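After the structure tokens below, expect a handful of questions from me.
Chain nomenclature is as follows: A, B, C and D, assigned in order of appearance, with residue numbering initiated at 1 for each chain independently.
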Amino acid sequence: MIQEKQTILWNKEVAPDIFELTLQGEMVDAMVPGQFVHIQVPREDLLLRRPISIATIDAETGSYRVLIRVDGEGTQSICAQHAGMTLDVLGPLGNGFDISFLNPKDKVLIVGGGIGVPPLLGLANLLHEKDIDMDIVLGFQTRGAIVYEEEFKRLGHVTITTDNGSYGIHGYVSTVIDTLTQPYHAIYACGPKGLNRYINLKFEDHPHAYISLEERMGCGIGACAACVCQKRKEPRENIKICQHGPVFKTGEVIV
Amino acid sequence: MNRLRVKLPGLDLKNPIMPASGCFGFGGDYGKLYDLNLLGAIMVKATTLEERYGNETPRVAETPSGMLNAIGLQNPGLEDVLNEKLPKLMKYDLPVIANVAGSTEEEYIEVVRRISQAPNVHAIELNISCPNVKHGGIAFGTDPIVVERLTRACKDVSRVPLYVKLSPNVTDIVEIAKAVQRGGADGITMINTLLGMRIDVKTRKPILANLTGGLSGPAIKPVAVRMVYAVSHAVDLPIIAMGGIKTVDDVLEFFMAGASAVAIGTMNFHDPMILPKLIDQLPRRMDELGISSIEALIQSVKEARAHE
Amino acid sequence: MNRLRVKLPGLDLKNPIMPASGCFGFGGDYGKLYDLNLLGAIMVKATTLEERYGNETPRVAETPSGMLNAIGLQNPGLEDVLNEKLPKLMKYDLPVIANVAGSTEEEYIEVVRRISQAPNVHAIELNISCPNVKHGGIAFGTDPIVVERLTRACKDVSRVPLYVKLSPNVTDIVEIAKAVQRGGADGITMINTLLGMRIDVKTRKPILANLTGGLSGPAIKPVAVRMVYAVSHAVDLPIIAMGGIKTVDDVLEFFMAGASAVAIGTMNFHDPMILPKLIDQLPRRMDELGISSIEALIQSVKEARAHE
Amino acid sequence: MIQEKQTILWNKEVAPDIFELTLQGEMVDAMVPGQFVHIQVPREDLLLRRPISIATIDAETGSYRVLIRVDGEGTQSICAQHAGMTLDVLGPLGNGFDISFLNPKDKVLIVGGGIGVPPLLGLANLLHEKDIDMDIVLGFQTRGAIVYEEEFKRLGHVTITTDNGSYGIHGYVSTVIDTLTQPYHAIYACGPKGLNRYINLKFEDHPHAYISLEERMGCGIGACAACVCQKRKEPRENIKICQHGPVFKTGEVIV
């Protein structure tokens, strides 16, 4: 974990209000998919960093991609920075996805929703290298919000859903997942609260099902207790998402 | 001679800069970013007798040049702090200031009594002012009679010097500070957060699950400076000051207001390297401003007042 | 139908946005930048019985996302306000809210009595909370008994509805608001500035000649929102809210906190066109958020509370 | 008086920590020397505008020059903007120098100190066009801080003083002015408080002696009463520098 100024190599609006940035920095060496970075907003009056998932990692160029949806003033300000400018980044943070137990030809289900999709692309890249078989179900609000469809198609079998039916299957990812019967060696999900909650319950007893959670953060490194979630089982315990997450086993915490 | 050294009751500080309570946990992962031995001291997260789970999330919200928090005193409880958290800080040459909170006078007393016996706890910071705790926390900090009695009761059982942390959410902070002095405290820390709220215009509901939270960060600095100035004129106790410190000039501004050491909270989140940076920049800025040592600055502020 | 219209005691506002007292003089030269008829109303600078020269300069200082001011109620006095200042505003279709200050109860009463008879004064704003005036100003605003009595005395002599402006520098603002209600006020305006200070590290002296000043601007917005929320839950008076408003979302945030109109102070200095800009942006943002009219929003906030 | 975004045509550090900016905008048409502009700091956490004197005015290109000394965070942020970027400017503000009573060949004394020098250059340009004879005395702290020496030399007879004697005459401008005997039709001064106070007293009874004052400002347009100074004579009255100044007749106000 380090703090450094990273150069923006690339910044492009890839969907309405969704920007893809490529950042270059030393910390890339230490990154694994599922971790996140904590980006300082380049505006003096906004103090809190913004947690953003690492999408894909390129060890060769020492760079990584993030996909940021402009949601408020902070993400707007970050996304308004041009290539060549720098951002103050703290990272990599959190635990990342565990894939150590997987073997070639294992079957994996990947479930993403909206702006939760990007970190799954980095994961899928890694799984692809390991020769894992992937079913990938991605849900978006509308056709315009779809990202990384092509990239995922190169890595596995992709199904897209849209909330309004403007592309792919009409409905939530659950519409698709409820029809899947194949047992999977692992399940990885990242998306809005509803999606995470659904996976958390549906695959509660699966030995290798994971969800990646979001919460408002202060420090990002386990010092302030802003970002907690509660353990599912007694004795009651609060877990810091920034430090012990953002990836949790299903059934581990309450979503 | 160490120009940055400051001696306060219980605390022989190699420099006068430390993290504020609740913004640094018990070190958190800051130790992975830099050597915590650089710090003057460490003010750790509030400890209560039993474990506390704190408030629901969201617990933080952003505001212009500030933030709101409503953590709600989440902490693992006295036993765990004594057995797990504090021992981990033993490996550093770092005086610990233990922040103590409670719902009842008895709880405060018990925590102070026991935590003040921990080998690396050099001082107690009595948190009588946390705005996020429903059970009485706010009342403790705003009534001078209660403050005086609580201070005395804790002082009586503490093995180390006792500092009391003042809330800014009062009509007359000087009155509270005087009560703290009468109660026999060895020092004052100030300020805690200002009560605030943010509402999400999309949901029309407060952002914080707790509805209100404590405002901290540069936004509150002028309030903190004014209060440190007023209190340091009115009582004869050393003050560890905090509230919005961001730059080395902010650090010095608080000394000129009457502080004897400073703590940094919120800005750790913005720049996790802020503490070592400020400690590094301080001597250079002192040179520019003709300040030979921090002790000399503290002294000269006192003397200037004698002539006011 | 005018979606922005709001009716308050004495005030039929074409829109709920107006300049806050002291930040707009009696219009100043803002009328050279845009048509003042655009404004919902105008809260003019505090008037006292006699002319006041105010404090020494410097009277303002900058702080993170805020500023300090210690103007000290400089104003030309009641006669001049009645004969020169107010008549100049007659050419506009603009309800004037006259801000009244004083050192004694008698002064308040006399100014209220006479200024409330001016033809374009539609409401009085009783400034019991200016933190920069030595003579009692602060005491008036912090003691509920004094507040109630002063409110009643002024209400008795006022020809127009009376609003009382609350100070945030109190332990319990709800207690003061209740006193205002008991005193018979028609409405509340809030908040005035928070007491603050800045020290110049080069001179080691406070920047303001008055030493302390009032903190305003976005920095204090969360404090203002929290207080408006608390007061609107506790009393049954309309609130004109102010404190750090900068964006159209800030405007709406205050309505959701319980306000019935808003005023903008400090941000006029940053962007002298802010008032017409906000008035222009408001309907668009209301569309985005599904708010049909301001009156409907005020109503829905009230109803949501009934179910809390 | 208008508020507008102005393009920075030029920005150069002309002396240590002193930047010359050329700004282009509509308001230039209305400018007269001695007036000032109120510049928004391009930093979200700094709310107060910075009052800066108009140095020279170029009607042809619709641009004007300002000289800004980096004194604190605001001026630093303004001076860090590059050519091509814009600044939010309110102006022109204040009254400006009165030269209406002057006739060709009249003798005028111009006295400037430090960062008070720039507005006098615009004035001197105008007086030069009117064929006025100028004695110009400019004081600076050190040799390095000297600005516009060459420009002034083209317009009149220039004497430079430096506080530390590193250039020109050693001492304050008073060292020179106290030796001048020639009667002047007008005197114009702008500089630090000490200089203004000196001129205010020395030429107290001169019918056409002017000083330009500085004070911390809020609104810049007469609304907030931040920037007052006190009238010299009874009845006591406070005058707003932003509106009725910054130029005052000597003897009019207390400096």
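Criterion: a contact is a pair of C-beta atoms (placed from the backbone, for glycine too) under 8 Å apart; a residue touches a chain by one contact, two chains touch by 3 or more.
In this text the structure is predicted, and so the values were computed from the model without any measurement.
Engineer: Treat touching chains as neighbours and tell me the shortest step distance from chain A to chain C.
Structural biologist: 1
Engineer: Measuring centre to centre with CA averages, how many angstrom lie between chain A and chain D?
Structural biologist: From the centre of chain A to the centre of chain D is 57 Å.
Engineer: Roughly how far is chain B from chain C, centre to centre by C-alpha average, rounded to an integer in Å?
Structural biologist: Centre-to-centre distance between chain B and chain C: 34 Å.
Engineer: I'd like to verify one number: the distance from the centre of chain C to the centre of chain D, where each centre is the average of its C-alpha atoms, in whole angstrom.
Structural biologist: Here chain C and chain D have centroids separated by 36 Å.
Engineer: Scan chain B for residues touching two or more other chains and write them down.
Structural biologist: 64-66, 217-218
Engineer: Mark out which residues of chain D touch at least two other chains, giving numbers and ranges.
Structural biologist: 44-46 - these are the residues of chain D that touch more than one other chain.
Engineer: So what shape is it, when you link every pair of chains that touch: line, ring, star, complete or other?
Structural biologist: Complete.
Engineer: So in the complex, the part of chain C that touches chain D is made up of which residues?
Structural biologist: Residues in contact with chain D: 22-25, 27-30, 32-33, 45, 53-54, 57-62, 64-67, 69, 71, 74, 217-218, 266-273.
Engineer: Which bits of chain A are touching chain D when the two form their complex?
Structural biologist: Its residues touching chain D are 43-46.
Engineer: For a test of understanding, state which residues of chain C touch chain B in their complex under the given definition.
Structural biologist: My answer: residues 63-66, 68, 142, 169-171, 194-199, 201-202, 204, 206, 211-212, 215, 217-223, 225-226, 229, 244, 246, 249, 252-253, 256-257, 289, 301, 304.
Engineer: Quick one: which bits of chain B touch chain D in the complex? Just the residue numbers, please.
Structural biologist: Those in contact with chain D are residues 64-65, 218.
Engineer: Looking at the complex, which residues from chain D come into contact with chain C?
Structural biologist: Interface residues on chain D, with respect to chain C: 1-3, 40, 44-49, 74, 88, 90, 215-230, 236, 238, 243.
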